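Report on one structure; see the data block that follows.
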């Protein structure tokens, strides 16, 4: 296992879904950044139920964040920040029944083989979406750090269950609209249909996936450390740590395959005395380096694999085929919650690259 | 800049397009692996012109590979393997004219800002597709190493200029068909149309992009080091180091967003006494770990940004808007050549994860 | 700050002396290793008062270890193991008086400058010897892991306050004798004199330093990853993370400077059918790689810088010279306690190198 | 094997003693630093024969440095700098005779076991002192980079064959005197006696070791990234990559074991309006961080293990004991040459820590 990410701003994740806690250590944050437990709690709360109101799991996740190190007199100290939430209200009984009845679409089988059956399978253990609570706590720190140089991040839902949104092309508009519905979608009409689609799937014992769009604005030109630590590559690696993400694209994304060079290239222009591009097919990235335009990424999230419908599987105990209906509490659609995590990971990666590129100093004054 | 990739099997890239050479250091390869310069040359030759015959750049890239360290008596020694090709037949004059006339879709602007104008801009320097020659040399080593445990990799072209291929679902068939056309496409009819599309675009002074599909077969269950070093994440990071890649997906990829849980989950089944999935929407990866099914990734590649058509841009010297037609030798479509690089990067990442997971020993006997 | 060490078996330290807790995350430990909180507690207890009885600080460090993740059904799971002790019985008042009256021999000044005054200075914060409690917890895991391949570690005190021990050349004898005195010295007579020296220094308001010898036995031939990750280099880096260590040597150590080649070279010999050396000036390491002989390192530890005697210093508030007597609870001699930490770090480094070299598998059965 | 060192300023070593070349890749050097091949050659020449005139190996090492990447218009570009020297005048015949007659004090045995006999044993391969030529080339870059912020490094010989020097306590005096003798010793009388000792040992077919003292001046307060990447730890790890180094100490070093707290603590004082210490037992490092005083390290180097005297060993072919006289060309004393390497490694480590700490920007103007 590797549970650390980043070179200077480096996060280390720990904890299991049904263990004692879920947490994160943030190392390498500059000293002097004002940071309170409320800053973290606010972000963690967004993840709990898809930022706004719950279509999500019935599990009561109080998830009170505690910070155990790295803060002194309301500011970061330069020392590692260890934060966690405690797991309560846990019932692992549903999982015990199905330990070896490996769930399709889940890590049950691969974890079993990789860790010799010694992994903590309760509530999916390390493979639960719940571990992303730690990512969000780290993201909260990263967001405050990025704010010191004017970088802001947001992630909204642009598709659920085949229903596509038509969001505005302006971050503050996106923020305003997405805050008003429980699927974090910046298109009111689409949001309503998305919610219907989720409910319909839920009633059928099924689930739905979707697409998240992550933005970062205010980036200086120069973030990214090619050839290997490109902005795209570092972000993609972080995004794929979010369970259920199966595709990541930037700017025009997969559509670039269908564009000619003359269509796809963003022409350069002078805007307010600065070099900008007309159009943003590049998603704010050229040669793996930020070009000063908004950074735009999209993540495709698969439907929750835990469904009440009967599925074919294998029982590892007997080595025979079997069927399975997954019980317990599961979101019909995790996309809005995953969007919060995507925003966090965007911030975590940008914070690291900003430090590596010398855009943020070692002391915040 | 960060020019190293991998934890145990770690590659370090160096060289510029119009500098003395393009090379790679492969560190961490186990000792005892039979390896000749011909093994490397064979892969490097594939990259030169899209694996087969040239639709590609007119630049004569003899590109004779030399190995300077790490091999003794025909085998790897456990020491770093330094390999390079020498740059010859170089004409940087075309670039000199346009140093500060930043090319749309290229890294000219971002490199200028990030490196203060000190970067080697000749032939795009470190941002040239030519540096992937080093990736391919490293891939050749990785492929031989993976072969010792039965892992094979291949990458073929599944779309160019909007024309989609309908390739067979079998690796040896894919290999056989793709070898017979110059766009490395495993669909004869589509290949013909792709070639036409490339020629048409070329005549118009334009360029086209496409989609590459990378496969790896023979994987044991257990490759991948979640939560951060997932198979998807490590591969994606490596793929995004290939210039022009703007989207990466695995298995059903972006389509998962439109699938319900019951559609998208691959049911488990027993096949020849082993656990396998019926279907492969997961692309061979569950929880970031290989599940024993073929690994399948797709990369969207944008059209070559260097085009003969006139484009709007900015002259950094004057800070004024200008127009530009990019001259010099450029591929109308780099997708077939990029496929060779994608295959190499797949191998490089899998070699590292196989070593990290203990699937390959430290001495090959 | 960098608070992580190791490539595969990687530890991440967090916590401050007078903060909430002191802890460690151990990532990369193979799954299946039997591990209980008692295993950890036992090692942590040794550190509390120099392994045996206290000559040490009067601070009541109950230091009950808790494991919060990574253990399931009494075994490691392959997931990160987060462990900590809680800080209680804390009185920071003594420190408040002297925040800016920088203590000679301490990190007060360098921390102030490096972290802009934002560091947690209470009880020396991250620079307190107390943070090594986390190292010892990690060492406990490493020791259990190493035991699975027959590697054992020990560290004993060979010098305090100028009094040198004449210990036996046999690990089990060393263990037996050192366990019987409170300075962990494997020479009964020397131990008595060391204790006197400590008491004398204490009465004078002064402190004493000494030398620790760390052993590891049962090493296979082949641990170490030269040229940069030599066994010496990796161990030395870890040892210098122990506060107050100012010199590290291996085998004959600094004395090699005075030996001729014919004196210093350890001749090879066959012993019980295996290649061994006659003599061990190399300290078990040749070319940065273990040679199968006992690994022997020595660490020089400076006298506790916190002394009751008056010292000259500077007041950062006024920028003027001043004098200072350090109050509070401080060990007159930390060498016996540091020995426990040295043993832990030896184990941590060897565990990582054993995993990197393929000497320990990814699942312990 | 791990052949990379550093986080931002990262060097990757390659090449074998009797292979094609010895080289280094320097990644992470900021763009804009003026750098010529002569800058590198000048440092490489120092290593060839102990900085001054040869008491050293008879092998004619012309060692003309070539830079193959990363430099453009006389300045660094931010891209990896690949440099190497070519191996010529090679005679491996002496080694062939003794492949399996493992040389005491050498890595023959450990390399054989670790790499399964596949390592390049010619001229000691990767374990030859010759690979440090690459370290010195990297050091040359680091020195130029450090000079931009006023940091200078030097290493001189303070002991050979038991003869101790009494050097001045001033860097420019050290430089002046050491330049006048072939053992790089800053004590004229001692130098003469050292040279005699070397000659005497050589005539007896034996060899001698010694001690190097490395200095760095002009350091800002704040270099070092504790708790694990302390200044001492990072330097020690780098020093132990130099073959034959068996002990590393800082400031008063091993002597701290015999000092009381009141003797060992360096009192703080105000000097020219800046906080300085009276005395430098700390060697310029407190809490793993530079304190603005000169950094002082000492490295004990063992006598050249290759000696003409008969030694007892084992023949790995037969598994029987045997005797061996090592022929070929070997230095009687490598200490003056190792001093050049020690200086280089000091610079390499400080460059990395200066970049990590934000003391050097990403572009040099």
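In order of appearance the chains are A, B, C and D, and numbering begins at 1 in each one.
The rule we apply is simple: contacts are C-beta pairs under 8 Å (C-beta built on N, C-alpha and C of every residue); 3 or more make two chains touch, one makes a residue touch a chain.
The UniProt protein names, listed by chain, are A, B, C, D = Chorismate synthase.
Quick caveat, the model's predicted, so the values are computed rather than measured.
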Homomeric contact subunit B-subunit D: same or different residue positions, threshold half: same
Centroid comparison with subunit A (C-alpha atoms), farthest chain: D
Gap in Å, rounded to a whole number, between the CA centres of subunit C and subunit B: 46
Averaged-CA centre spacing for the pair subunit C and subunit A, given as whole angstrom: 39
Subunit C-subunit D separation of Cα centroids, rounded to whole Å: 27
For subunit D, residues that touch 2 or more chains besides their own: 1-4, 13, 114, 126, 357, 362
Residues of subunit C that touch subunit D when the two form their complex: 1-5, 7, 13, 102, 104-107, 109-111, 113-114, 126-127, 131, 159, 161-162, 201, 206-211, 221-222, 224-230, 232-234, 236-241, 243, 245-270, 273, 275, 277-278, 281-283, 286-291, 300-307, 309, 311-314, 316, 319-321, 357
Contact set on subunit B toward subunit C in their complex: 7-8, 356-358, 361-362
List of subunit C residues in touch with subunit A within their complex: 1-4, 10, 12-16, 19-21, 23, 25, 27-28, 31-32, 68-70, 72-73, 75-82, 84, 114-116, 118-120, 122, 125-126, 362-363, 365
